[in-house]
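One chain, chain A, links the two complexes that follow: it is found with chain B in the first and with chain C in the second.
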Partner chain A sequence: MSFWEYANPKKFMETSSWLLPWVAIGSLLCLVVGLIWGFFFTPDDFRQGSTVKIIYLHVPSALMAINAWLMMLVCSLIWIVRRHHVSALAARAAAPIGVTMTLIALATGALWGQPMWGTYWAWDPRLTSFLILFLFYLGYIALWEAIENSDTAADLTSVLCLVGSVFALLSRYAVNFWNQGLHQGASLSLDKEENVADVFYFPLLVCIAGFVLLFVALVLIRTRTEIRARRISALRARQRLNDTSPSATPKEA
Partner chain B sequence: MIALLRRDLALTLRSGGGFGLALAFFLILVVLIPFGVGPQSELLSRIAPGVLWVGALLACLLSLDRIFQLDFEDGSLDLLATSPLPLESLALLKALTHWLTTGLPLTVAAPFLGVFLSLPGEAVVWLVSSLALGTPALSLIGAFGAALTVGLKRGGLLISLLVLPLYVPTLIFGAECVRRGAEGLAASTPLLFVAGITAGCVAALPFATASALRVNLR
Partner chain C sequence: MPDLGKYADAVLGSYAVSIALIVAIVALSLWRSKRVKAELERVETETSGQANTR
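Presenting the complex of A and B:
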């Protein structure tokens, strides 16, 4: 029993079909509990008022925007090194979810920025690096869509993902060079004394768990769709082959 | 290798466009900016570093899809791939050709165009050195983007989208270097960063470019 067994599409489909409902239910549960808890059962912040509640969407989506890219990076590496198709398809499946998470983070950030900073958008290092991440996602998806042969597309997008990761990291530190941040520093970390107050912290953790599970569920669904689409096109190709060569006897379906 | 470099240079120069197009675009952009923002010289000199760097970057972007496209279409790229020359050196050579026909002329022209934007005199040294050190990175990244999209029919728009976020760090450090130079601050730190990006690109990107080319020639 090793991790690489899931490189077999059949094995992956079996396990994921068993896993998917649990992940989906868990995600729904966490999100419902976390959001209701966060929105209705926590006090308003003494300076920010009720706008502080945007945090329950903003922070988890921002986290997942970065983690989705990391997952794509790992999948691309696996594809390049071991050429497992499920891995390439999972990377492809994660990209639109990642871009959506980035958009949610940017949009909720803008809505939060307007009352707090008096502006929807500022060229602050964190905001800028998210915008750049958004562009990376767009380029990655566009490259997938543009290339017809799926193996070629998987190869090229993997290379792009590797190179892009280096440059994304570089941009992340390059924008720090401007030295003008409106955005606060990290408010969540495992090794720091000062986190957000506990009232906000626990519902936020539940929301983050919900977003993680939601991401896993969506990636599973989309990967399963990709695998099925791949199978259909393979079946179609076989059918065409049978149609064009009359000598071959058509197989029982 | 030298023969290949001379062939590529001759092709780019004689096919028209390649050499003059980037320069003309740069000139047009720099001349149009004052019409757009008005002729106040203090405003112009403040935005000059950014405008010059953005102009150089866009001018570079203009000719990227030609790096591999023509060779791919007439089949000479296949011949070059089967020749004893490693594909990595080919990628480096193509980027070098692109730099010699766009980056280098842009660097030479930039100080003269800086006059139009009333760029402070002390910034000219930083402008030339940051462009000289930074445009090779632009060409190398561009060659990578061109290698990714070489098999596509309409790669032009896609290549801009792919390359745009990759250009960000170089642009930030390059423009920052010139801005600091213009304000009389110490500008060598961003300049070193630009040089570092270029050095890293020279070292690593030809391999990525070559692997993308291999996939596309398969």
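Presenting the complex of A and C:
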């Protein structure tokens, strides 16, 4: 069986219909367990106090904000190279979820920044590149809405996605590129020395799993909706064509 | 409820904003899915009805 079979809308609808409930249940379980564990059963940090509890929302949402755009990038490349409609529709479906994740990361970052840095906002490299990523998300959604022809919209938004990927990667690595600003380095690392302490690390992993599964569940729901909306447009176009074709006009007696 | 001390506003505010945004995107996605599904069923009935009358 080939991966490209899922580019067939019928196959995608079949597979996603049985996959969706499992992903949704997994997401709900991980989010409930991870957030309750993190909020109620982890200690305060010796420096940051109780604000460390914001990590269970801030890190997973920031991670998904960047990865949602990277998923859109892969889908856009598939659209550009292979012209599979499902991939273009999946990219379109992911954008509102990505913008929500970016907004959560920006809001929780600001609320965390105020007590720790003394300000809600600073023109720090990571914060600024994240704000630009947020604006790219808005532009991407607006471009899809502005163009009536779905193939043209998919072409143009794919190009926008390629350009925006620079900022998605920049927001991930800004701390490494410019060793300045308020934002600290990555909270998660393969190097155990750089990682957050185990007591915060495990509930954080559960929350990240919850956010990843939530993203997948929402992408599946929204892609299914986009496929259905596309079918409505196709049926209406066919209906219009039938109405205006000569065979549709009644014969005179 | 854990004692959040002087940072209670920041922590509770973060959770409130995040949960509200997550609930909003889930509700919007489900609402649109339901609406489009109903619309597709209506259009399919319409078009199949038209095809039968020809």
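We adopt the following convention: the second predicted complex is superposed on the first by the 228 of 253 C-alpha atoms of A that agree within 3 Å, B and C clash if a C-alpha of one lies under 4 Å from a C-alpha of the other, contacts with A are read in each partner's own complex, and residues count from 1 in each chain.
Here, a residue touches a chain if its C-beta (ideal position, glycine included) is under 8 Å from a C-beta of that chain, and two chains touch if they have at least 3 such contacts.
Predicted model, so just to flag it, every value in this text is computed and none were measured.
Between chain B and chain C, C contacts the larger number of chain A residues.
In the superposition on chain A, A:170 contacts chain B only, with no contact to chain C. Contacts of A:45 after superposition on the shared chain: neither chain B nor chain C is touched.
For the contact definition in use here, the chain B contact set and the chain C contact set of chain A share no residue. For chain B in complex with chain A, the touching residues are 144, 148-149, 151-152, 155, 158, 161-162, 164-166, 168-169, 172-173, 176, 190, 193, 197, 204-205, 208, 211-212, 215-216, 218. The part of chain A that touches chain C in the complex is made up of residues 35, 39-40, 44, 49-51, 53-54, 57-58, 61, 96-97, 100, 103-104, 107-108, 111-112, 114-115, 214, 218, 221-222, 224-225, 228-229, 231-232, 235-236, 238-239, 242, 248. Listing the residues of chain A that touch chain B in their complex gives 132, 135-136, 138-139, 142-143, 146-147, 152, 155-156, 159-160, 162-164, 166-168, 170-171, 174-175, 177-178.
Residue ranges of chain C in contact with chain A, taken from their complex: 2-8, 10-11, 13-15, 17-18, 21-22, 24-26, 28-30, 32-33, 36-37, 39-40, 43-44, 46-47, 50, 54.
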